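Note that chain A is present in both complexes that follow, paired respectively with chain B and with chain C.
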Partner chain A sequence: MNIYKRSGKATLLLATGLAAAVSLTAGIANAADEVVMAVPTFLTGAGAPAFGVPARNGAELIIEAINKGTLPAPYDKSGKGLAGRQIKALIYDESGGGAKQVTEFRNKVQKQGVDLFVGYISSGTCAAITPVAEELKMLTIFPICGTPRIFEEINTKPKYVFRTMGHATADGVAEALYVKANMPNVKGYTGINQNYAWGQDSWRDFDLAMKQLMPSVPASEKAQWPKIFSGQYGAEISALMLSKEKLVHSSLWGGDLEAFIFQGSARGLFRKKQLLFSVADTSVYRLGKKAPAGAILGARGPYGIFAANVDTPLNNWFRKVYLDRYSVPPVGGSYQAAQGVLAAKYAYDKAAAANGGKFPSKDQVIAALEGATYQGIAAKVHMNRSNGHQAATKHMIGVLQWDKEKGEPIMTKVTEFAPDCVMPPSGINGTEWLKGGMKGAKC
Partner chain B sequence: MRYVDKTVIGLSIAFVVLVFADFFMAEWMRFIGLQSLARGAVALGLLVLWRTGLVSFGHALYFGFGAYTAAMLTLIGFHDAFFLVFAGTLSAGVLAFLLGFLLRRYRAIFFALLNMAFSMILYGVIVKTEELGSTDGFSLGPPTFLGYAPEGEAVQTALFLFTLVFTYIVTVGVHLYMKTTLGSMSMAVRENEIRVEYLGYSAEKVIHVKYVFSGLVAGFGGAIIALAIGQVDPDSMANWTVSGEFVFITILSGIGNVGATYIGALVFELIRTYAFEYAPQVWQFILGGSLLAIIMFLPDGIWSLFSRFRKSEG
Partner chain C sequence: MQELIVILVDGLVFSSYLFMVAVGLTVIFGVMKILNVTHGSFYAFGAYMSATLIGAYYETDLPEFGGFLAIFAAALIIGVFFGVVLERCLLRFLYHRDEHIIVLATFAMFLVLEDVLLMIWGTDPYYAFEPMALLGSVDIVELTFDVYSLTLIGLAGVVCLGLWLGLTKTKWGKLLLAVIFDREISQAMGINVTVVFTATFVIGAIMGALGGAYIAPTISVSPGIGVEVIVLAFAVVVIGGMGSIPGALIGSLLVGISRAAAVHKFPEIELFVIYAIMALVLAIRPEGLFAPAQARKI
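The block that comes next holds the complex of A and B.
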């Protein structure tokens, strides 16, 4: 009568099968003389071309150079590998959301015996990973993700998690400072930001910083909030053209940004409005001449195009090797990922030196990185926030121009901001710091 | 001697084995097992709908609703797993009950896509809500169990046991229910609705009951995953790709037996884990390829392997 009743014996089989499956315990077999470094980054999906792949390229180059011992000064005297051990890199995909990444994090730690993580681009993934990394006591370096919540809300006393670049609050402050210095007569500002976490945060921080620095300048009530990955900006461009504000803030990136630029250029938006792009550096080399000259640009720090003229052996080497191998100059993500890997190099070597030349323990590596100042590719990195786990670096904003002679985009009217000018001091929530008038900022 | 159902025996043995296994399983395996139980429970709801002849491409709606309900309750100070999971399950059930009045009138592709439409409304609302962290989501701390507050690995061990007990009860319940008159009505509705109506039953009511059930278990699965991961975000909780994964698991498992959904979920998680490990650039191809292979070679899902084995034996 019931066709499903017959399957009882099979269910017994299932029980034995499950029992067999669970008795399969982890078999971790990594060579003792190597350090296994997991490098999660976007390899598929929309985040891949703008951030994920450049970040992977940057990390890959540095890891290879560390293994061969070919890094230029100041890393030329510390020998091959991390404290003498070769890095075995596991590069894998960050896409699929927080839940999938937490599962993957556990797999990498418990099944593949990873020693440290250097990676994650999306703020959402970083937020999901932070509690797990602390729970599993796993050294984790976030080189890129921007949300201030990591050490402000999710874990205020981190032990195992580090971030080696400034967070999103610094971007908003630097942008507002730049506007104040270069557009003192601006009458108001509006924005076009994607309606998701990054877009909302970027606008909020810029808006809060503007309210402090230029309290008489009003924000538009009609800032535009297109959907992420919408790709069509006809209505938004019309609204921006009609708005009375001259200044337009935008945190668009990747394909969305490029679509917006093509559609906006065709309608003369960039002649009529002053655009301020917070992360457009990822696209300037791809767009070449089509990138809107005259737009104010940021790269979330002194990275990418802003580092084009930094004349140090490390930076010259990085740009040359990167260009030779990938046929494009390194962008922000490449620099930031490389900077994260260098933090590991610095910390392992310093810890080994303090340990009498012997390979250091995890706690020794952490102690070496906490509060340290080390040389990134483009700038010095000061690990001096959140108990020495959050970095501050200098920040740069400038105006994009096309250099006809060299045939490449360049940054002009660049202003440099000191780390303590744009990053909130230790122990205070970024939003509160902005609302309270940015007390303690040293500009 | 009174007839004892073999599926119930099988499930009970699996239950006992897993309870003991919980304490010596490798940590990563337990975590995958926990996810498989939660996702398998959602697939169980889809299986019930499927037996009624309906496929939903939108059960991430209830999954996400359950997850976010549980997570939002932690924001106002509730941390007890029993309460959070109960609230997540119930809220998703209530939502399914309300939407059921509309959805029970549709069949086939209209039913599938209307579900998807509703799930994407939830997705859109979450993404636009800055207070809930938008696409970044927000985190919730480790749960407590009636005053017992485990730390470290014990959290997962306790949560696994907790989930196991409830999925066992639900699965056995569903199995027994499917044999009652109202339960058997599923297939009757699938085969011939008009006849069902002539027999004096309302096909729409039958569907509504199944729909509410599927919403309840999806909410249950969502709340469990939220507690297990410690973070909710719309992309892994409410996006249409999540609904797709549930359909994937259901196809993988086949609808032959209620226990199959858990095996399907486990196989799905394992394929994904190993694809991630060995082919980080093309893991989606491997996932899609295995689905194609299942459809071509095992159209009735993994469960048909077991029944084949049984047939050749007998």
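The block that comes next holds the complex of A and C.
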């Protein structure tokens, strides 16, 4: 009797478990007529305000427009969704470091049926994800992360991983070219960069480019290396003000950049030194008049404030709907994330067309994106590096000013650099290319 | 000579910042033997509340210097609220537990409060630069310093002096010292240890919140600021000796001036200075510079 009882209980338990499992599976089951796109980005932590949230906003807008089929030209005739299928976006937090994100990546692929990833901001996360994406054969598009190591060291023969913007080497070269053209009499340069991969790479590439372009101009031996997220720059500002070099290179971003600007402004740093900021576009709209007028600025390409006057239907639409919805203009991260999603749109639609209108396989989508040139929000994206997996875009550097009439920051004295001028050619490591005199650069 | 003076000034400013963020942590540990990871949240909430109140204040037509009151009001509001709520609703149930359990509990609260912070203020940064702009700048050895940062030295001095006088010259301070010395005997002698614990935790929380509130005008108040601070505060407290206020002072000065010297002379080692000092102190005197050595049961 007891046995039957136990057996009955066991059956009941098993049935309950199965029901729960079925229910759970149903909860994560994806419809056959949709494409599940994971969009990891910083939603918490220090990376959220400068990059993560603007990137999420940019991706969200584009995904919605793709699903509704309301994208302007040149995507106005491409129909709804990706090759006709609606995008189901899984936007989630990138915080927590590489190990956590790798676990999350596997979870999304193996348990949630994700079809592709468009995201990741941190270079560290991208470096950790690249081998796993290749191992799991998962189409992964990095729209933002900057380290050149992705395709130069970590995976030199990518199949599933793409990056849809230029890497840090392009920033350093564009900045050095700008300095050479606009500050020919500069006698030396120093820097303040966060002491981690991004800051070190940024300074190294700028320094190497300067050594090639202006070999007689020495770098300071006392460039500053504050800890990332330190927020306190009193001593560094003193050291910079005491240094004899006029030009100061900085790749600070987010809260660190803004704290540096507040503390530097209060001490007259920006009147005494010429600052060159690699990624300060993330903060200029928020800071408004507090942003240091006269500073040389980059946005890691033709994004954010540099796209303010790009008069195309796509860019005009993007800026308007972004401003209407979020009450701030889009910054670099917004453009870059949207550009990554557009890569998917372009590739799926192109692959479907080549497949006789049928929904394409993953390999067909990859083939469509490899080596392609497609229209980003503000500029053309040329996937012509690293076997067609690494993008090159034009680059822009200018001087920040405050427009009293418009009541907003604007870029002046802007110089545009061609993709083949600032990005190393295929098959050569960026550092070696810089040390070798940037052979093949078409400026 | 100019560089030496500048190193000293920079070092004192940074030391004051370190002292402000570390002193609350060490006060709580000294009395309650609690390694309070939530201290980072007090700092972050203090900074956010300060930025919010300063922003609201300067929307009005009230006198400009009144904005400074917002800083201290923010520290009091956050410190009293979180101090009382956390001590009464969480920690008092854990006093009889192993100290590791209490550390984990405060860490859990830290994570919860990080999310609460996001729920209240979101991910956008907050700015409160008016008080810093108001005080202007001053030249010292031909180099411009902002006066607001220099006032941090004065604030740290006042806090240090206040704590020292409070502990050594008042009846309340003597009760506190008695509890620090021996909790059980103090209780047996009739000291209300429960009240002492609550008051100590509130004072520690106010100190943490004041650190954040006072720093807010110099930074972009954004998510994650509490994480960095707790690491720094722990380093200073470990160097000075857990629970020692003079230790926190000397630890802050040691780290602050060494870091300023590194920034000016060897900037590439700046990152390691704090931790190098900590490793050195731990190797020579594991209990820290000012904490008395204690026998441990194995």
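One rule holds in what follows: the second predicted complex is superposed on the first by the 415 of 443 C-alpha atoms of A that agree within 3 Å, B and C clash if a C-alpha of one lies under 4 Å from a C-alpha of the other, contacts with A are read in each partner's own complex, and residues count from 1 in each chain.
Definition applied: a residue touches a chain if its C-beta (ideal position, glycine included) is under 8 Å from a C-beta of that chain, and two chains touch if they have at least 3 such contacts.
If you're wondering where the values come from, they're calculated on a predicted model, not measured in any experiment.
Peer 1: Have a look at where A:Q224 lands relative to chain B and chain C in the superposition and call it first, second, both or neither.
Peer 2: The answer is second: A:Q224 touches chain C but not chain B.
Peer 1: Once the shared chain is lined up, is A:P131 touching chain B (first), chain C (second), both, or neither of them?
Peer 2: first
Peer 1: Does the superposition put A:E258 against chain B (first), chain C (second), both, or neither?
Peer 2: second
Peer 1: Who does A:K111 touch here: chain B (first), chain C (second), both, or neither?
Peer 2: First partner only, chain B.
Peer 1: Of the partners chain B and chain C, which touch A:N195 in the superposed model: first, second, both, neither?
Peer 2: both
Peer 1: Check the residue A:C443 against both partner chains and state whether it touches chain B (first), chain C (second), both, or neither.
Peer 2: Neither partner.
Peer 1: Regarding the shared-chain residue A:A46, is it in contact with chain B (first), chain C (second), both, or neither?
Peer 2: second
Peer 1: Given the touch rule stated above, what does A:A353 touch, chain B (first), chain C (second), both, or neither?
Peer 2: It touches nothing on chain B or chain C.
Peer 1: In the superposed model, which partner reaches more residues of chain A, chain B or chain C?
Peer 2: B
Peer 1: Per the definitions at the top, what is the overlap between the chain A residues touching chain B and those touching chain C?
Peer 2: In chain A, residues 43-44, 195 are touched by chain B and also by chain C.
Peer 1: Can you tell me which positions in chain A touch chain B when the two form their complex?
Peer 2: Of all residues in chain A, those touching chain B are 2, 4-15, 17-19, 21-26, 43-44, 91-93, 96-100, 102-104, 106-107, 109-112, 122-124, 127-128, 130-132, 135, 147, 149, 154, 195-198, 200, 204, 228.
Peer 1: In the complex, go through chain B and note every residue touching chain A.
Peer 2: Against chain A, the touching part of chain B is residues 5-7, 9-11, 13-14, 17-18, 21, 24-29, 31-33, 35, 127-128, 130, 133-139, 141, 152, 155, 175, 178-179, 184, 225, 229-237, 239, 256-257, 259, 263, 266, 269, 272-273, 276-277, 280-281, 283-284, 303, 306-307, 309-310, 313.
Peer 1: Mind listing the chain C positions that touch chain A in their complex?
Peer 2: That would be residues 2-3, 6-7, 9-11, 13-14, 17, 114-115, 118, 123-125, 127, 129, 132-133, 137, 143-146, 148-149, 215, 217-220, 222-225, 227-228, 259-260, 263-264, 267-268, 270-271 of chain C.
Peer 1: Would you mind writing out the residues of chain A in touch with chain C in their complex?
Peer 2: Chain A reaches chain C through residues 43-46, 48-49, 52-53, 195, 222-227, 229-232, 234-236, 238-239, 241-242, 254-255, 257-259, 262-263, 266-268, 286-287, 290.
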